[in-house]
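Lettered A, B, C and D in written order, each chain numbered from 1.
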Amino acid sequence: MEKMSVELCGITLDNPVIPASGTFGYGYEFAELYDINMLGTFSFKGTTKDPRFGNPTPRIAECTAGMINAVGLQNPGVEKVIGEELPKLSKCFSKPVMANVSGFSVEDYAYTCEKLDKIEQVGWLEVNVSCPNVHGGGMSFGTQPEAATEVTKAVKAVTSKPVILKLSPNVTDIVSIAKACEEAGADGISLINTLLGMRIDLRTRKPVIANTMGGFSGSAIFPVAVRMVYQVAKAVNVPVIGMGGVSCARDVVEMMLAGATAVEVGAANLVDPFACKTIIEELPAVMEQYGIKDLKEIIGGVK
Amino acid sequence: MEKMSVELCGITLDNPVIPASGTFGYGYEFAELYDINMLGTFSFKGTTKDPRFGNPTPRIAECTAGMINAVGLQNPGVEKVIGEELPKLSKCFSKPVMANVSGFSVEDYAYTCEKLDKIEQVGWLEVNVSCPNVHGGGMSFGTQPEAATEVTKAVKAVTSKPVILKLSPNVTDIVSIAKACEEAGADGISLINTLLGMRIDLRTRKPVIANTMGGFSGSAIFPVAVRMVYQVAKAVNVPVIGMGGVSCARDVVEMMLAGATAVEVGAANLVDPFACKTIIEELPAVMEQYGIKDLKEIIGGVK
Amino acid sequence: MKQGIFVISENEHLTPAVMKMKLLGDASAITAPGQFINIKLDGMFLRRPISVYDADAESVTIIYKIVGQGTEKMSRMNAGEKLDILTGLGNGYDMSLSGDAPLLIGGGVGVPPLYMLAKKLIAQGKKVSVILGFNTKDEIFCEEEFKALGAEVSVATADGSYGIKGFVTDAMKDGYTYFYTCGPEPMLKAIYKTSSTSGQFSFEERMGCGFGACMGCSCKTVTGYKRICKDGPVLEKEEILWKK
Amino acid sequence: MKQGIFVISENEHLTPAVMKMKLLGDASAITAPGQFINIKLDGMFLRRPISVYDADAESVTIIYKIVGQGTEKMSRMNAGEKLDILTGLGNGYDMSLSGDAPLLIGGGVGVPPLYMLAKKLIAQGKKVSVILGFNTKDEIFCEEEFKALGAEVSVATADGSYGIKGFVTDAMKDGYTYFYTCGPEPMLKAIYKTSSTSGQFSFEERMGCGFGACMGCSCKTVTGYKRICKDGPVLEKEEILWKK
């Protein structure tokens, strides 16, 4: 019997598979399809201080082996998430959940994280620093080490839960940003968020996405994700969650060899709602094929 | 009859299709397959001051909808290129060719460009600033505006031919680098070069590429390329050559709508040696389908 | 929602650009007319959402227009080929509000989802009137199918090449107790304005997942934000907020 | 080199992991034994380079081992299915140097390219000896085919379960005028050391394009840098520089 459990910031996961934020809602709707307690955990919909409708539609563009989305962090706001969404989740999910937090100012992040810190269901805070910093000329927090440091410190100050910084890949030097987060106290790093992409409709000659550009994800971006996970995992001492184009059990193993302690699955859930269930069910066979007795032992095992 | 010709830095191309450097050799081997004079032009194998064998093998890794290469600028060096390769090319190609130049120091670039400036066959110099700067801690010239500026100025000083800077997409702010090149005198910008990627062989647990990481290209990267071409074309006043995952005539039209004056085709040539011929032959039908009478008129035409 | 493998038993042209495909498989998740299915195609990342024309426990029939690479690929598929499909997506039409004499109004590819609705309403003994709108005679499909159900059918063509000249609204006569409609947004807006009763509108939006996970197809309504794919595609007249 | 569409006429197992596929189409570009073809597969970005087992103007036969997703996909294909293939790739073996009594040495999946070579050499009246090396009895294939050509065949198995116990080099006896070989690099190195004559070696390398454009498969030789796909895969003993 292969061992699939891993430890993420002091919490044991039965397996390393984690549906990524924004592809799994607040979980309970997927619970109608299968028992989501089979997951390692999942990262819930990006939550902000205030409710947001997000961007105008169309928000989705198809690409070869991937898609662009510009949802714009639609969410009911942290009060409603705590008051309505998480109670619904607790009825069908008994494990600690990963709370994904976004903000447009350092204060936003701190406010939302402080609220979620009080919630027992929440095991980790995954802080998405890929959003534009409204006080910083709109450049994303995740593109400047200083801004990422600020956010990390502000969040760490208001929570005792493990804080995982989710990084943007649209940078020159991902390692310097990951290190800045670690030095600022981050308990983990998750990457990669989406690549910035764009498509144009040849018929209308307009961008397919109302917002012009959006986040590109799907199996197309996997090689970029593996590279950044490898670079960051070598450079930091905190656990790394690998994501970006993971769509099968073999991809999970490749991400872990690159240095990932756990692996998030994103766009694949949108094409196949059973994707994570299938991956978890296929993992033992893939582990056997490649002579892996215990997944823990291959983390960062690339030679 | 649709009009396909475009003007690139004062030289008219019969059509905007250009095989990208490193996927078409020095041209004459493809001339055995079809008359390469049907091309707008092509960008020859990246040429350096001294001969190079390049990286150890394996240099190639397959990915979903793309591939990673780490050839490492194998080439016979500028003397042999001028003395042996270009004379062979002149027998089968009567149009101005694009000379692709790489270097590891500012002096390298200037030396090689000065030599190629004397060659009548050469219509444009495409300067690849994605290579590591050995005097600059190995960071690629293309990742710092200052370094890109230096290279541009040094090259412009030694040639009267149009100089096109080929930019790396592995940066936080592609626009600032493109603008730096323009201000330093660049006559054009071509982008995107490959994304930095990595794959791991699950059997051996080693990187598939001997060099660990390499350049990721193929249709998978098209949405990133369209986005960067759009951003740069809006920001600069010199012509932009769009490339990155272009594999059909529709992609050419999309790139031009995004702002490209001409379009390079790379990895597609490696899967289908007739790719560029096919694209050029399909262009008129695609133009008709989308009501395009003259390709020139759609450059940057995205609404 | 259910995921299943379906076998194509028919894939034929109704007009040069519109095709009808019958698929055999477990369609038990389809519980209401106006729902849609989401089809996985080789080489395409996203599934193709297509409204249900008709269905029973063992089969589902769709009518689709060839508009892009995906539907073009579908048009070249043959009987016997298999497709991975998510079925029973969306809320569908609420038949309980129809009254005795409901009016069904379809425009172009908005016509198909009304077929199973008409079939079920007629089975309930309702007096069903149908208005079908097309640009021109050559694009007309399904007129006979609705007549065969026993519905009173009128057809409007924008160019007057068949039936009433003009838009579906030009064919609307009072006397209906309620209405159900599906079609291009300008048509829906016109119906919203001219209709004399309440009714239900089926909307289109570019979707990511099609089952409510990605928030790709959200819209604002009087009753809050809704996902066209999960809380829709059918909205009631009173809750609609038109986009500017 | 030619690009063409080929129709599969046979695809059968020779061993659990090795299959033989016959393809019908214009194979006129195949001019020498030891050349390879490059096969496009749906869903795979790069083509799959496979050495030619036998060919005539209208058909090409390959023998391939199921090692990865691509060859696994090929193994599931059926007669009648079509493949986009580049033919006539690589230099192939130079038969003019064979002398009267050439020795052909193949190991594992290195065996197939020697078949057409043996066939042509025998047709030229040469006395052809063949040594086939495998790990074990169950992995042996093509022994009978070479015998049927009239070659003198000896088989070596590493575990001694069939024929000579040991490696192909243990089966090499002097008396040959020249040799041709293809197989895993350790085997090639051993032959390089023990052979008493000149000969030709066919090499493997991970390829990008397979026709000389990408420089993905370059190697260093006494006569300069060579591309395994275009200047190779066959190199002469005297020009080989082994990788450290």
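By our rule, a residue touches a chain if its C-beta (ideal position, glycine included) is under 8 Å from a C-beta of that chain, and two chains touch if they have at least 3 such contacts.
Keep in mind that what you see is a predicted model, and the values were worked out from it rather than measured.
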Exercise for the section: Could you tell me which chain lies farthest from subunit C when each chain's centre is the average position of its Cα atoms? Expected result: D
Exercise for the section: Express in whole angstrom the distance between the two chain centres, defined as the mean CA positions of subunit A and subunit D. Expected result: 47
Problem - Mean-CA-position distance for subunit C and subunit A (Å) - result: 36
Handout entry: Interchain centroid distance [CA atoms averaged], subunit C/subunit D, Å
Key = 58
Completion exercise
Flagged in subunit A as touching 2+ other chains are 61, 63-66
Handout entry: Pairs of chains found to touch, sorted by chain label
Key = A-B, A-C, B-D, C-D
Fill in the blank from the handout: As the complex stands, subunit B meets subunit D at residues 22-25, 29-30, 32-33, 45, 53-54, 56-67, 69, 71, 74, 208, 218, 267, 269-274
Handout entry: Complex interface listing, subunit B residues touching subunit A
Key = 61, 63-66, 68, 143, 170-173, 195-200, 202-207, 212-213, 216, 219-224, 226-227, 230, 245, 250, 253-254, 257-258, 290, 298, 301-303
Problem - subunit A-facing residues of subunit C, complex - result: 1, 3, 40, 44-47, 86, 205-209, 211-220, 225, 230, 243
Exercise for the section: Over in the complex, which subunit D residues touch subunit C? Could you list them? Expected result: 42-43
